[in-house]
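Some structures to go through are shown next.
Next, two complexes with chain A in common: one pairs it with chain B, the other with chain C.
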Partner chain A sequence: MRNMVNLTQPYVDQFDAVKERLPGAQLPWLEARRVAGLARFKTVGLPTVKMENWKYTRLPNLDEPGFRLATWDDGHVAVAGVPAFFSDQTALVRLVYVNGIIHPELSQLDQLPDGVSVEPIAQVLETDPGFIEQHMGTEAVAYDQGFAALNAAMMESGTVFRVATGVVINQPIEIVYLNGGTAEPIYRHPRNLFVLESGSQATLVKRHAGISAGAYFNNAVTEIVVGDGAILRHYTIQADCLEALHLSSVHVRVGRDATYENFNLAIGGRLSRTETRVRLEGRGSHCNLSGAYLMKASEHCDNTTVIEHLVPDTTAREVFKGVLNDEARGVFQGKLIVHKDAQRTDGYQMSRALLLSNRAEMDTKPELEIYADDVKCSHGSTTGQIDETALFYLRSRGIPEALARNLLIQSFIAEALEEISDLRVREAMAHQVIHWLPAQCYFAEEWKQP
Partner chain B sequence: MLEIKNLHATVGGNEILKGINLTINKGEVHAIMGPNGSGKSTLSYLIAGKDGYEVTKGEILYNGVDLTEMKPEVRAAEGVFLAFQYPIEIPGVPNTTFLKEALNSVRRHRGEEELDAMQFVKLIKAKAEELGIAKDMLKRAVNVGFSGGEKKRNEILQMAVLDPKLAVLDETDSGLDIDALKVVSEGVNQLRSKDRAILVITHYQRLLDHIVPDFVHVLAHGKIQRSGGKELALELEEKGYAEYGVAAE
Partner chain C sequence: MSGKAQTIEQVREFTDDSYKYGFVTDVEVDTAPKGLNEDIIRFISAKKDEPEWLLDSRLKAYRHWLTMPEPEWQKPKFPAIDYQDSYYYSAPKSVGDGPQSLEDVDPELLKTYEKLGIPLFEQERLAGVAVDAVFDSVSVATTFKHKLEEVGVIFCPISEAVKRCPELIRKYMGSVVPYTDNKHACLNSAVFTDGSFVYIPKGVKCPMELSTYFRINAENTGQFERTLIIAEEGSYVSYLEGCTAPMRDENQLHAAIVELIALDDAEIKYSTVQNWYPGDAEGNGGIYNFVTKRGACRGRNSKISWTQVETGSAITWKYPSCILQGDNSVGEFYSIAITNHHQQADTGTKMIHLGKNTTSRIISKGISAGKSDQTYRGLVRMGPKAEGARNYSQCDSLLVGDKCGAHTVPYIESKNKSSVVEHEATTSKINEDQLFYLRQRGINEEAAVALVVNGFCREVLQQLPMEFAVEAQKLVGISLEGSVG
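Up next is the complex of A and B:
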């Protein structure tokens, strides 16, 4: 067995080497948090399959191919353009990062309404550090995850998104993270902070795409505060390359009568894991954590959710659907914790997987911890194959087998896409699904110019 | 058009068809009547090409070509159509998308140009109107939330769009009340033509009041026991299948 100290030591060494040039290095409170994060990381270590909530996701050996921390130069590798998502100028604002560095020439920032800001975290640490001090690393973030703790120490890029009290924006805000394209594999620790003040409403589309084939490793942490009566629709499209590693943890606090809607579409990545933890803290709060994943080759996709109902009258809904081809693996872990006072909790959870190959594998683990007595919770999961009768039906109408299979995959995924309340986003996501069907990766030559 | 010669077939190792002989010419409407388990649905699936049905002896010739070697989609493109007893629901796929993919697949196979969205919408609207099908049925997902009657009408709409040479209607009357039965039958009658052959498969005579066949065959124990004109259906309605060694249900 490899020694835990040896596993964490390279990261500790790296921290010492780079800490002077990390953003906010001049801020004592931030340095204290970084040091605390590093200490926590040393104690917890890297996750292993012996840990209950990592039992189905084994990390590859991170010494191979040997990732190095991203530098300023990596943020300036050539990119051909930004892969299209919306069919027109649907997005109000678009931020584009290349390996963590914002690129104004690829972005579109001039239409920001009053009361809305969306900026790189390094910039906010210069202009308004108090805001970050107030909201980042609160009790919502459980540093029992080694990588989240490592992110606390090493965070170097990411976005701060703020919507002021009562401000309602209907058009989506788009944040695009383009990764990789470097000669050597790099890793990064992005940190996002989204704060919606009370009564505000916004739609955020976060996209991750590879610049070219080749390895990179993202270890992201996102913290979200949805204030009383606020609504955040938070959509993620993860279209990483076949060799990419993508770990992400999302920590959300939802206030009174507020709604947090999250949909995660994953269509690429050697190993991706999104761990979403929601605390329903305000009476009448609601969350919808749903997603779809389409994996091929030996890709591995893990959706892990933890929803805590802390007060009475909260509701939660989860619908995950996955399509696994070749030797791909899918994991869904859904934990629901209903605290003693959380009477009249209503929870629904569904996970369905479609296996296109007999070498593909799906692991599902629902967990319910219920301490209140007046609670309605249901969950279910299925894993199956293409319905042969439906396939025959389509073929009997003249549709060739390959096309018929594609239609049935689209049909399967459609049920999850219906959870997306923003119809423009739902349609754009449906196009991403179609794009996946014949087997693809988002290589630069296929991209549309911005 | 269709020549079935001494057809023997098995499903899961059980012999279901034990020597069927049947010839259908273009312009003719034939009805096969038979009790449950007589092999009616097996015959329709063999014509359309469903997996799991094995021909052990005999042949099915379609315009002189052996049909059993063709994939189901090729049979469809060549003009074979099966209206399902239980049409399949396909959530998330709009009916128009499904019909467009089907028609364009068939047109590609036939070496015809594909229809673009505009051309297709025009065609589908005209066909739907002819058959008295509401527009919202086109927009909804294939058969999802359709009533029994709507599902069967949707089958007839698909038939109208694909314009087959040989249409097999498998228990089209099942699950329909009398009003729905009339509507569906009218649709089928509109599609009767001197160039098209229709094979109606049914347990009950009542469908044949509306779709009047030229020939009626009685299928029992995997064989055609008797053939005649439309009056044979009335006789069966009266006497049941008892004389073919089948107990009343």
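Up next is the complex of A and C:
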């Protein structure tokens, strides 16, 4: 058996080699946090299936493709263009990163209203380090996972998104991360910080896409603060390429009467894992964590969520739906924790998966941990295949089988998409789903109009 | 320390002596000294006059046990168990040891018996009162035995079965729960002292419900009980374990193993009512009930059904499971777990679907009151070859009071597309409207709570054999006493 020291050592060496060049190297407090993160990483180690939280997700051998840390040059690989998401100019602002480096020529930043800023973290560390010191790496991020701790040590890119008190923006803000396209496989440790001051509202669309088929490894940590009465709609589209590894942990704190809405659509990636932890810290706060995943080949998608109800009168809702084809594997682990005295909590959780192949696998672990009595919590989970009677019904109406199957998959996923409150985003997401379906029949315009 | 060394020395002397004369000598010592080592295991085996192979398997288990770490993943927390601080063998108590009449028995216990409506002679038996040898229950047992022998059913203590039908024991014991399974099962494999053995021959429908309570020599089956039930092709048996009344028990750690084997078209129904001493209202004392229960549906169309009512013990930690190997086999799990005061329970089931068209059903009702903590933990696994398999699980938790906890941890793994798995869980507090309705009809609060909880559990209570069900309903109410107001 390989021992822990050997496994973590290459990362530790790497840290020593690059620490001078990491953003904010001149800041003593940041250095202290990086060192603490590295120490934590050494104790916790790399995740293994023996850890309860990683029971169903086995990391591939990371030494094998020989990942190296991304450099400035990697940020300037040739990019053909940015894949479309919204059909028109829906997005108010668009930021495009290539392997962690922002590209102004692909971005569109001129319409940024007052009180809103979207900037690379390296830039904010120069202009306003105090802001980052205040909000980043708080107790809300426990770093109980090795990779999150490693991110604390190594973070080198990412976005800081700020909305000032009372500012309401309706149009979505789009951040696009293009990855890969390099000769050798690279890995990165992006760090995002989104802070919505009290009473503000915003919609954020985060997209991850592969530039070419090559391997890359993203180890992201995002921290989010939703101030009192604020609303954040946070949508992620993860369309990484077949070789990509994508680990992401999201830590959210929700204030009084605030709402946090999160939807994660995963349609690609060799291994993707999103661990979302929400702390409902203010009375009357609400969160909706939902998502859909469509996986094929031997892709692996893991959605792990932890929602903590810390005070009375908080509500949470989760709807996850997945479609698994070929040898794909889906994992859903959802935990609701109702702390002592968090009375009148209302928690709902639903996970459904559709297996299209006999080699596909779905593992579900919905958990309730409840220490208060006046609560209403429930969860449900189903795994099954396409309903044969529904299929027969459609075919009896003259719809070809392949199309009928696609229609049923679409309608299955649609139930999750309904959790998205921004209709423009919902529509664009639905479009992404259609493109994932087997190609021969997804268009079928003739079925739209009689 | 010197006491321990002395004990070890005593045992060594004793066993060395035995070696000299062989193990056939009639040993006069009735209780093995405290502690656990190979010599104690040899002592137990010799006491029971066991064949060589059984001693070997005990020793193998013991040696493996030494290498196993204490499990840590469970929710209940308790101080580390000092395995060297208990007795692993004591001969059945003689008549003179127990209380001489009901007047000597703890009045609290008697009050509970009264509420459960248990007849007087049974009360005496349960409380361990020295009962006249020709008294009622013994004659019941004798008639019982004749009836079973007529149809060929074997129902006897497992130590007797080792002598009567060693080939069956060798073939099946440990085949469902291997000694490597978990730390407590491993300990049981090394030191089990007694338990029940049931064998139902081909095509036989067992004419009556078998119950540990009425079995001859049922007394003192001890803390390391071992049960093995084999249902041959086309047979049926319903087995009842435990009883609703609290039993007098001096052992803190109970680590039992129950193995069920159902062959083609056979059905086993296993019902448990567990009401061991839960400790006092402050959480002192009480039984640790760490049991490994597992059934294998080996044959086609076989069925195993577990029903449990768990109200006792300071800590209950068990997962009665079904391995559905045979095509079309069926597994069922119906459970009520009630915890009050400082009790902890971590219970649930595992349904492992391996054969085609296998189906399973899980209904679990947990009620937490007082400062207790309860976890449902279950696994449903659909193997790649379990085509057309089906599972439905429902886990409901009810919270009574704001100091208790209720947790649900289901694991659902599906490895083939044609199987369907459904899981639902809810947690809520006891319905105020229902309580109010009952209260305004003059029913006091405690009785009202008992009534509502009984309604909450009715799906499981219905699964119990008639005579159990009536008592279990009363038990639900009694277990929740002191949880309101």
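By definition in this document, the second predicted complex is superposed on the first by the 438 of 450 C-alpha atoms of A that agree within 3 Å, B and C clash if a C-alpha of one lies under 4 Å from a C-alpha of the other, contacts with A are read in each partner's own complex, and residues count from 1 in each chain.
Note that a residue touches a chain if its C-beta (ideal position, glycine included) is under 8 Å from a C-beta of that chain, and two chains touch if they have at least 3 such contacts.
Not measured: the values here are computed from a predicted model.
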Combined model on chain A: chain C and chain B, fit or clash: fit
Partner, of chain C and chain B, that touches more residues belonging to chain A: C
First (chain B), second (chain C), both or neither touched by A:341: second
Touched partner set for A:378, first chain B, second chain C, both or neither: second
Partner chain(s) touched by A:356 [first = chain B, second = chain C, both, neither]: second
Which superposed partner A:364 touches (first chain B, second chain C, both, neither): second
Contacts of A:414 with chain B and chain C, given as first, second, both or neither: first
Chain B versus chain C as contact partner of A:397, first or second or both or neither: first
Partner chain in contact with A:52 - chain B first, chain C second, else both or neither: second
Lowest C-alpha to C-alpha distance for chain C against chain B (Å): 15
Intersection of the chain A residues that touch chain B with those that touch chain C: none
Interface residues, chain C side, partner chain A - complex: 73, 382, 384, 397, 399-429
Chain C partner contacts - residues on chain A that touch it in the complex: 52, 56, 340-341, 343, 353, 355-385
Residues of chain B that touch chain A when the two form their complex: 48-51, 71-73, 75-77, 81-82, 84, 87-88, 90-93, 98, 101-103, 105-106, 109, 141, 158, 162
Chain B-touching residues of chain A, taken from the complex the two chains share: 387-390, 392-401, 403-404, 407-408, 410-415, 417-418
